[in-house]
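Data first, discussion second: the structure below is written as structure tokens.
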Amino acid sequence: MKKIRILVTGGTFDKKYDELTGRLSFRDTHIPEMLRLGRCRLDVAVETVMMIDSLELDDHGRGQIVERVRSSDESAIVITHGTDTMVTTARAIADASLSNKTVVLTGAMVPYAFGSSDGLFNLGSALSFVQELPAGVYIAMNGQHFSWDAVRKNTETGCFEQVNSQ
Amino acid sequence: MKKIRILVTGGTFDKKYDELTGRLSFRDTHIPEMLRLGRCRLDVAVETVMMIDSLELDDHGRGQIVERVRSSDESAIVITHGTDTMVTTARAIADASLSNKTVVLTGAMVPYAFGSSDGLFNLGSALSFVQELPAGVYIAMNGQHFSWDAVRKNTETGCFEQVNSQ
Amino acid sequence: MKKIRILVTGGTFDKKYDELTGRLSFRDTHIPEMLRLGRCRLDVAVETVMMIDSLELDDHGRGQIVERVRSSDESAIVITHGTDTMVTTARAIADASLSNKTVVLTGAMVPYAFGSSDGLFNLGSALSFVQELPAGVYIAMNGQHFSWDAVRKNTETGCFEQVNSQ
Amino acid sequence: MKKIRILVTGGTFDKKYDELTGRLSFRDTHIPEMLRLGRCRLDVAVETVMMIDSLELDDHGRGQIVERVRSSDESAIVITHGTDTMVTTARAIADASLSNKTVVLTGAMVPYAFGSSDGLFNLGSALSFVQELPAGVYIAMNGQHFSWDAVRKNTETGCFEQVNSQ
């Protein structure tokens, strides 16, 4: 069985409701709980790189993510990431020319901790695509996969859509 | 975008709690609601073939499922199915030699209507595998995919596992 | 603060889905988890008397419940109970003439472990009524409370309703 | 059966996650859905007075709430309200000397739309207390009820607690 590494960076996936402040915040990732819920039996290593809203992710942070992709032993890598700048991070990874790895970024429009999240669907999807797609950098959202250079987030619908390769 | 047909046959996926009898039962499928929750944007047609517990599925019922696979225009087909006899149905489809179609059977260990279901994870997984796998008959459970002739359900763990091709 | 005892007898409240058998079953009570979820700060002692479907409750079992009510130090007692024979058990307790106690029976139409349960609403309601009602035996369901001798379960609607005292 | 009016003012109870902005917001109240889930059969009228975070509630807004209490035909009134300034609003209502009404304020620490809310428990509790308590102004949280002049929110624990009457 192919080994898979999940790099956790935060994003809506992992937002939780802080009942004392009444605000959304991050604490621990929900990925291990989600893998249990999905009865996932893949050989998966989960690693938290950071826990932030992707709007706050800068070049330094992106450098850290690229570095973790580069130094991972696994050739199949899923990255959980906020949707707002997911395409930017995908490009940063593609620019690093790690040509022997399949990297799939995914996220959620609604936090997993809330009843109506798309997170579990997207995680199941990303883990499946990463096993089958050839080396490259992809985004898996809405049941689809997109090449890093042919996708954008439609901020009006909240969905990802195909664009011509840039 | 590849067109996908989802054939619904019931199984744990779609069991609901009947509050008047206190028993588990079937009514309508939850698949359209799950696709909405997953913000799925694939070109999917959902068709209910039957709504039964897979332990009650006989040769006649399996024949109906095979026939629906055969007559579908789509070459990518996901079948939601009870886990108890999923392997038997997969074999029946494989025996029908529909060599140009990719057929992925999936299910759930806990009903979707209950809080802690693996259904959404499995649906995301099956819809992703069906887009990428070559023609053939597969089972997608636990984040993995198996060829129809190399899988069994471990009734003690509730998980599917690889066996040597038969 | 008035001390309250919760006697757990099973019923739909505590049914869970057994993923290996595909059937509904009982294991541990969900009451402590529900009290945590409700941020309940009452002085509550939880005691499991039995864990069964109330259709299987016979005179011997009812005798055990009556005995636990009698021997409890607390004068405020909530009993979680299957709805099918809740009225019968309420009568058995009333017949025991424990005239200094307020006893409130409650239950659920849908198991707590399933997403759409009325259990948490009913538990909040029963714990509130038991603090305010005078000594006597009551059923708290559907936001209402009924005297034990003026209530029946309408098996067609699944709701409890007032009848003339018997 | 006593008629009950529920005045909705917003608060954590009704916060939802806005998936396009990634922020918490208000839209419609969840109270009717919660009453359905609780299989509530009380004679309840639901009226939305406002939909705001209680930290943004000023004297003018409080005046509106007091006015709605005063002009309601029902003598039993439940108000859903943010927890941060619930005590202040309770005092404003008490100061208006509406001596023939039982008014119970309640709220939630976690939004109902999120999986782990105390909202349903609190709603069941408030609707029960309002039927039994004598005329006056109360807060129902954590399974308890408090007189308006003998309660504060402990901002460190997020729980309400008894204090000496002021």
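As written, the chain order gives the labels A, B, C and D, with residue 1 at the start of each chain.
Keep this in mind: a residue touches a chain if its C-beta (ideal position, glycine included) is under 8 Å from a C-beta of that chain, and two chains touch if they have at least 3 such contacts.
On a predicted model such as this, the values are computed, not experimentally measured, just so you know.
K.L.:
Using only Cα atoms, superpose subunit A on subunit D and state the rotation angle in degrees, rounded to the nearest 5.
P.N.:
180
K.L.:
Please identify the chain with the largest separation between its CA centroid and the CA centroid of subunit D.
P.N.:
B
K.L.:
When the centre of a chain is set as the mean of its C-alpha atoms, what distance in Å lies between subunit B and subunit C?
P.N.:
39
K.L.:
If you average the CA atoms of subunit A and of subunit C, how many Å lie between those two points?
P.N.:
Centre-to-centre distance between subunit A and subunit C: 45 Å.
K.L.:
Quick one: subunit C and subunit D, Cα centre-to-centre, how many Å?
P.N.:
The answer is 26 Å.
K.L.:
Would you please write down the residue numbers of subunit D that are in contact with two or more other chains?
P.N.:
Answer for subunit D, listing residues that touch two or more other chains: 109, 115-116, 158.
K.L.:
What is the complete set of touching chain pairs?
P.N.:
By the stated definition, chains touch in these pairs: A-B, A-D, B-C, C-D.
K.L.:
Along subunit B, where are the residues that touch subunit C in the complex?
P.N.:
By the definition above, subunit B touches subunit C via 12, 15, 17, 19-20, 22-24, 53, 84, 109-111, 113-116, 155-156, 158.
K.L.:
How about subunit B: which of its residues touch subunit A in the complex?
P.N.:
Interface residues on the subunit B side: 1, 34-35, 37-42, 109, 116-118, 120-129, 131-133, 140-145, 158-161.
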